[in-house]
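In the part that follows, the structures are each spelled out as structure tokens.
One chain, chain A, links the two complexes that follow: it is found with chain B in the first and with chain C in the second.
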Partner chain A sequence: MKRIYVNEKWCLGCHLCEYYCAFANSGKDDMAKALKGVKINPRIRVEEGEKINFAVSCRHCEEPLCVKSCITGALTIKDGLISFNKDKCVGCYTCIMSCPYGCIMPDGSGHAVQKCELCTKNACGEPACVKGCPNQAIVFEER
Partner chain B sequence: MSKIVIIGNSAAAVGCIEGIRSVDKASEIVVISDEQHHVYSRPLISYLLLGSTDRQRMKYRPDSFYADNMTDVMLGKTVVAIDPKAKNVKLKTGEVISYDKLLVATGSSPFIPPMKGLDKAKKCFTFMKLDDALALEKELTPKSRVLVIGAGLIGLKCVEGIADRVGSISVVDMADRILPSVLDKDGAQLVQSFIEKRGVKFYLNDSTAEISENKAVLKSGAEVDFDILVVAVGVRPNISLLKDIGADCGRAIKVNEKCQTSIEDIYAAGDCTESYDISADTNRVLALLPNAYMQGETAGVNMGGGEKVYDNAIPMNAMGMFGYHMITAGSYDGDVYTETDGMNYKKLFYKDNRLVGYIIIGDVERAGIYTSLIRQRTPLNEIDFELIKSKPQLMAFSAQRRAKELAQRH
Partner chain C sequence: MAVNYLYPEYEIVRDTNKCIACRVCERQCANEAHWFDPEQDKMVCDNAKCVCCHRCVSLCPTKALKIVKSDHTFRENANWTAKNIKEVYRQAGSGGVLLSSMGNPEPYPVYWDKILLNASQVTNPSIDPLREPMETVTYLGKKPTKIERDKNGKIINNLAPQLKLSTPVMFSAMSYGSISYNAHESLARAAEELGIYYNTGEGGLHEDFYKYGANTIVQVASGRFGVSKDYLNAGAAIEIKIGQGAKPGIGGHLPGIKVSEDISKTRMIPLGTDAISPAPHHDIYSIEDLRQLVYSLKEASDYKKPVIVKIAAVHNVAAIASGIARSGADIIAIDGYRGGTGAAPTRIRDNVGIPIELALASVDSRLREEGIRDSVAVVVGGSIRSSADLVKAIALGADACYIATAACLAMGCHLCRSCQAGRCNWGIATQRPELVKRLNPDVGYKRLVNLVRAWDHEIKEIMGGMGINSIESLRGNRLMLRGIGLSEKELAILGIKHAGE
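Let's look at the complex of A and B:
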């Protein structure tokens, strides 16, 4: 399965991936309208250091601790993709406790979480963060 | 092809079924449950009363789950005995079900200590199963005065679930703080103050001296009027089926890393077992849904002919009260790093070059990075501990480890 992988040496720390993520999942078709004046809550996050930056999003683990720990069955794995069903989530944050990469976060409502689903549930079709990365610091491929 | 029987129908049973089917599509699986319900998530009963889930959404797996996994389910049936020589289980109805391999996932039951006058309280409930919640719900009115005995996870989630549906809530606990099994004193105080703002009244360091139909007199002399009593002082593992046949039991059923009991072809998982807590180097009952699932899954893979060990169990809890969240894990031992900032509170406990536990209240983002340090027993001198103390982040790892985690499939 194709996953998102990080080339941290190439990351400029520009945060464009975060904006593309927020736009792709906004349900809107105009980036300016979707993001203007909005405090974004993206599913990919850039960690910034003195010498190095990198973006982190769901690793789609083969043995996903989030799925095994989810108390509701809102998180599931099928054909390698870890999906999230907001309808079942009660916002207990057991998945936040379980994810070793810190890639599941509150969704802003305070009653549910959110995570990267590789843009399979929005109009983008393939990860918007990767398409928007200007320096190939994140790639979408088989490894 | 063999026949696998599972006693119990909650998280450990589901883990077991999914574990079996990951390696074995052929074996017959039979689930026997004394409840009448399709598998549901026990911890969701408070959310059901709160209205943030419903009977359909609280199903832990879809309606097609048993069929999808070629599993027969016997609901409303109670197992009364196991015969390990003849390899069968006997039901209350007299039916006998044979097995080649057996999983005991019988969970735990509410513990009700002797309390003077308890029998006089007409509306008295425990809060563990769906039927408990449904029975309690029937009695709730906007005027109800509710007394909850026990300020642990179960008692307080019950409080949250019913808070907007009753007139008043009082909570009594013998401990000096709320959530004594997961919070330290300062953290508990923070959460208690927050809950008190919702009108909940706490009586700590206290217990009931005498209960009458609508009143409890506490040891301190305080009197609490109530219409509804909820007893949530703790749970006891359901071990009698295995204890009766001589299986190795402590407080709960003892299992090895493959989740085998001391009796051949019998496995056990979930709240009825003891786990080896690697954060405290000791055996403990870890009555937590994730632990139940992972034990069940481990048992299932091994029962189905695969190989799996579960050897990094730790206590861990994610809990919210009225939107105020806390995540805790591991044991609270060793050196302490503390950070507090109004409503946010963090304590990290570290010992012998390892993180062994944490308490985080408020801003819980990325707490799983800390959980992982505990479960993987990551040597702290291999990471930038100063950096990760203030905020959980992957930047604290070496570039080499990051390359492994972020640039490889796993």
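Let's look at the complex of A and C:
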């Protein structure tokens, strides 16, 4: 399965991926309209160090701890893609605590979580973070 | 200084309706022109720091930014222009020599733009390059003057070493030091994929790039940085750099701050020391001396590699080229006054040298008159901006062209002309690791390949229109050129007729 991989060597820490992610999942057609005056809550986060940066989003693990720990079956894995059903989520945050990469976070409502679903549920078509990365530090490929 | 005489040259215009304060402009500007002001809860900027490199503009996700030239004015006149006034203020403030980067920007004539190309109509058929073969392969080197046979009548191969180019373009010299590791990697990989050559410049060859040797021209300049037997044998050809178009008669100076560990190792000089290239080669004061160096390099490389001599286009270029052709060199490279640089004294850059078009025409004519044109290939550079310039250069008599400014542009350069500051936001003319990584060679090399492939398509299209199916038939074919708006003297030097003739 194609997954998102990050090459930290080329990550500039520009944080554009976070904004493209937030826009892609906003459901709006204009970035300024979607994000102006908004504190974004993206599903990808750039971790910054002194000399190294990298963007982290759901790894779509082959044996996902989040799916195993989900008490309501809101998180499921199908063909390698870990997807999330908001209707089933009770906001217990067990998945947040079990994800070793810190890639699941509360959504804006505080009653459910959110995670990267590879832009399969928005109008972007392909992962927006990959498309918007100015240095090809985030790639979407089969490995 | 308490009084600042200079108003910022550029203004950063931000559309606050579009700005989402993502701060990418702030994070990406090495000149620190942008920042977020929490008190006003918005992005603010300092125009004085802007060099108009467009990094912020290109990365802004909502296209909220643009840079405009300030319309602030001095009480200037045709003699005392704003430029003249500003330069006096700058020198009165600093007491220093003015430095500039990239090529001569002054409004001297660009002869490429005053030359028109021919095409076939009725009496000779044009050729469609998409349907018929079209040859752009070019060989650079000495051509044999006579056929030699052994006692059995078999032809003896007396061909001197040649460079084979898939298309008559090469990336001209930019040293590791003046440009970054990633820029060098991009050039090397592009040259390899395209079947052309890139040039190390005078800064030696990084050990990682020896593997691209078959597509590398190694340069020997007055500072002799990084020159060793291995280096000379690593490339496909050796270039002796006498001068460059941006600063004829002037040496180079890479500030110690740019001489990082890697560069010090590659250049074979101590860490952090200034790398100074003397103005002349101290062992070359005549054509005879040049001949000694040409043959020393041939000896060191077992006569297997062509030797290039690169000079700046200056007033006596034809006579100098004639001397070089007789020195044993295989290829002469001539760099016009528009050629770029990482740093040059402004006065030199803007006032010294001559246009490459005139230099090329006079060199080609002179070598023909003397019957020695075939003893060298002629490569020209110094602002070849497009395939049209390139075709005109070939028709004027060049064997191939060197491009560097266009190559830098392909990698992201925006000609902000502040390379000397070492804060290149595009990761090209810098050694700061956090900036160097902005040029991912996977992206950079692809863009270079695209550029040269596009030019190659256009060259074939233009040649086809002329009814020519091989670049050989275009070379020196000045009948394919007509001047427009040129004086008799200019036409005579270029060796072309006026449009309508």
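To be clear about the criterion, the second predicted complex is superposed on the first by the 143 of 143 C-alpha atoms of A that agree within 3 Å, B and C clash if a C-alpha of one lies under 4 Å from a C-alpha of the other, contacts with A are read in each partner's own complex, and residues count from 1 in each chain.
Here, a contact is a pair of C-beta atoms (placed from the backbone, for glycine too) under 8 Å apart; a residue touches a chain by one contact, two chains touch by 3 or more.
Predicted, not measured: the structure shown is a model, and the values here were computed from it.
Novice: Superposed on chain A, are chain B and chain C clashing or fitting side by side?
Specialist: Chain B/chain C on chain A - fit side by side.
Novice: Which partner chains sit in contact with A:L12 here, chain B, chain C, both or neither? Use first/second/both/neither.
Specialist: second
Novice: With the two complexes superposed on chain A, say which partner A:P134 touches: chain B (first), chain C (second), both, or neither.
Specialist: Second partner only.
Novice: Of the partners chain B and chain C, which touch A:A123 in the superposed model: first, second, both, neither?
Specialist: neither
Novice: So, A:S98: does it touch chain B (first), chain C (second), both, or neither?
Specialist: After superposition on chain A, A:S98 lies in contact with chain B alone.
Novice: Report for A:V90: first if it touches chain B alone, second if chain C alone, otherwise both or neither.
Specialist: first
Novice: Counting residues of chain A in contact, which comes out ahead: chain B or chain C?
Specialist: When the residues of chain A touched by each partner are counted, B comes out ahead.
Novice: Just to confirm the geometry: in the superposition, how small does the C-alpha gap between chain B and chain C get, in angstrom?
Specialist: Superposition on chain A places chain B and chain C at a least C-alpha distance of 17 Å.
Novice: Which residues form the common part of the chain A surface touched by chain B and by chain C?
Specialist: none
Novice: Which residues, counting only chain C, touch chain A once they are in their complex?
Specialist: That would be residues 17-20, 22-24, 27-28, 58-59, 61-62, 64, 433-434, 437-438, 440, 442-443 of chain C.
Novice: In their complex, what parts of chain A are in touch with chain B?
Specialist: The touching residues are 3, 5-8, 47-49, 52, 54, 56, 59, 61-62, 65, 68-69, 71-73, 87-88, 90-102, 104-106, 110-111, 143.
Novice: Can you check the complex and tell me which residues of chain B touch chain A?
Specialist: 11, 15, 41, 43-44, 47, 52-53, 57-62, 289-290, 293-294, 297, 316-320, 323, 325, 327, 329, 364-369, 371-372, 376, 392-395, 399, 402-403, 405-410
Novice: Could you pull out which chain A residues touch chain C in their complex?
Specialist: Counting only chain A, the residues touching chain C are 9-10, 12-16, 19-20, 23, 31-32, 35-36, 38, 51, 132, 134-137.
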